[in-house]
């Protein structure tokens, strides 16, 4: 496998699909939000993405089988005939280097384009080093003209600065080159721990923007599961760095930094 | 040479070939087991694999000649007309980076597919940091349904956790994407030394699974040879890292960590 | 996106175009000089260059939108019917590795060749660790025969030694392989800070060489803006190195070393 | 430039050409020997090799011009109608990574094959950490059968062990895969300094093997020049590592380790 490969079901007749990205990132904010949406909406898996830029290892699952690291696309068909169908992208990992991120995100954009999509929401955390009672949601968009559509739902533009690293930024950048539009929604977060509260703020904003109801009662519980999984992934990733190729190592108790 | 290259003899009329992988890994468990099988079964070399992802050096042999680093495929034709022919993969090294492992393992899977193969056994060690009298054999498979075939021969599923790094994992992952099935058999091992006893456990399990007798009396002796060779390889690999390109260096007495 | 991509307007009827490169480098000398030229000459943007070898991030701008990192080509049409049209190349970043620099600079040369260009001026600083009242301008050319054309305008040849790293050197090297000629003009500079005075020396020399007047009164002011932007870029680049992929981080107060 | 590129003159009617490689390596033994041969035999340059795997910089020469880093092929036509023509490969640098070395050496082998060549001599130093009065010459060959041809001229086989890193090894390995044969001749050397005496031993052996006379009186003097150049290269290479891309730096007084 030399290139990122997307293995997909045939999906037809999508209504103006939008893409929501929630890959692992700071505070796992985007990941928690996107995974929660998938479960609450009972979205259906339509594609799996594998990449030579992901770590060269398989995970051993409790039931005695292995699986590769991957990203996944889910589809929720909007029952509202005028509403947009929603494609949600989640996954175990992101690629590390610039060249790898461009290759993987390029494959994602191409896939979404083939589905007929045009609008992208990337979800993430905006680390401030502070703990707040009610996290705000910051936004940064591909086009000036679409900002007002999000501002009316409480998303704050022009305040977050710096840069957006990884898929949350690059999908917007590469998408724009393909004529798409989009926005990154960033939940205010400390940055040093998994933040379900920040994910909740992002989901509340997204729910209003999309006009889709999302029950948030199980979010806290799922955040715990997600944290456990990512700590394990983090621990494995560290082992891979230190282990020689081909090694088979037991799980360790390494400090976890992936989610910080 | 820009891609992994397999130079192969023509081999015909294989009976439902299975692949057994034993590249260098933790405790050299897989490598000892696979090399021992080759020698006991008098398997014949059918292909050599070279890769630009292997170290850019040649080994100087005692007899005054050089040879490149490589992986090798051996074939044992099963005299039982209903049995499976066995293809065994061994070698000096594995590739280091993710991209390289995907490329090399992809080439291996393609080669095995062209031989008409469908089932993969990868062999390795499962490091526990403990020394045990009778090492157990853990398994992790590509499909839930095939676990019972191995459990009845004493392989323990669902206990090993963490991840399988390198070819032992990736061949199963990539093979599954090609419609293959397989299992990683991991001998319990300390992880800090070359472990012939663990290799013996793996071979005993494999022997029962395949219904093929393998004499184990020379295993201990061969493990010593293998350890010597790998220590030298390790020592050379370290030199390459520190040496400038193009250097020709004498063998050193560096600490060895490859087999740990 | 697997390769450097140049998105260009159609431009026609160029009169013997020359290329002036001023990407970020030591003391930001080349960048300051080239950006100042663009503004004073009111040059028009004709192309944008994106590359998978640039950092995998987007910048969040004050107005609430994101943009990718890029390089840009500007065109100034010389009103003198006998004069050369001028193409000016500036940008946020340069690629880091050798392979990436060769790929990006190769794309630049190909683009310039398609415009019908043949002559390249690369601008940079020549770090000496000293502060001088009136920075000299050193030159190093592709061909011995063209040196005298620059010497008569005060450029000093044969004194600067060592090597020219990055686009300022590679564009000349790769251009020469395509039959082009050119020179690197290097302003004497301390090397530890952004040096508008050195940029001024370079612009004065370039102005004489090209026979084009350039008002320098606003150079100092613009240098301050450029310094601020690059410090921010530097700070973001550092975060990317330490941050995990996919993180969204606030701007920090890291030490800046990009411009040193 | 995405691949190694060889720019060549047309050369015809070569008589059974052999390749002699002397790129930079330990003690600069191979480089000194090959460069000396070129000068004494008045060999003619027939090709230049450029590679994106070489450092992304140009050298500023005393005469005020820049040049890219490169490797070069020279040709000496043997006046003896039964003798072999000699192609000599020298250069500023070797590629650093495995993938790069495979790519560059692959291009070299292809070029030599197109010239009709079949036999390769790679020259290098064999570091022992000791200073000796009369350095011996060790050999390691591609085929057992050809060893005796070299042994009768005093080359010692089977004593050097370890590995040969870089082009000196890989050209033999890749050449053999293309049906070529060859030998690496290694002059015994301390390893910590430029060793003209070791180069002399190699040249004496080579001279006997090829039946070609080579005057050695100027070797010592040329070794000094070569050492000076390589120290400068080393110093520049270090700067490139620490400098940001695009920097233009003055030559420094860094410690030199390239030739050690």
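Going by the order they are written in, the chains are A, B, C and D; count residues from 1 in each one.
Please note the rule applied: contacts are C-beta pairs under 8 Å (C-beta built on N, C-alpha and C of every residue); 3 or more make two chains touch, one makes a residue touch a chain.
If you're wondering where the values come from, they're calculated on a predicted model, not measured in any experiment.
Counting steps between touching chains, the shortest path from chain A to chain D takes 2.
For the copy pair chain A and chain B, the superposing rotation over Cα atoms measures out at 90 degrees to the nearest 5.
Interface residue usage between chain B and chain D, two copies of one sequence, is largely distinct: under half of the residue numbers at the contact are used by both copies.
With centres computed as the average of Cα coordinates, no chain lies farther from chain D than A.
Taking the mean of the C-alpha atoms as each chain's centre, chain A and chain C sit 36 Å apart.
Distance from the chain B centre to the chain C centre is 51 Å, each centre being the mean of its Cα atoms. The set of chain D residues touching two or more other chains is empty.
Across the whole structure, chains are in contact as follows: A-B, A-C, B-D, C-D. Interface of chain D with chain C (complex): residues 1-2, 5, 7, 50, 52-68, 100, 232, 235-236, 239-240, 243-252.
The residues of chain B lying in touch with chain A in their complex are 23-26, 30, 93-99, 101-103, 105-106, 124-129, 139-144, 147, 157-158, 160-170, 172-174, 176-177, 184, 186, 191, 257-258.
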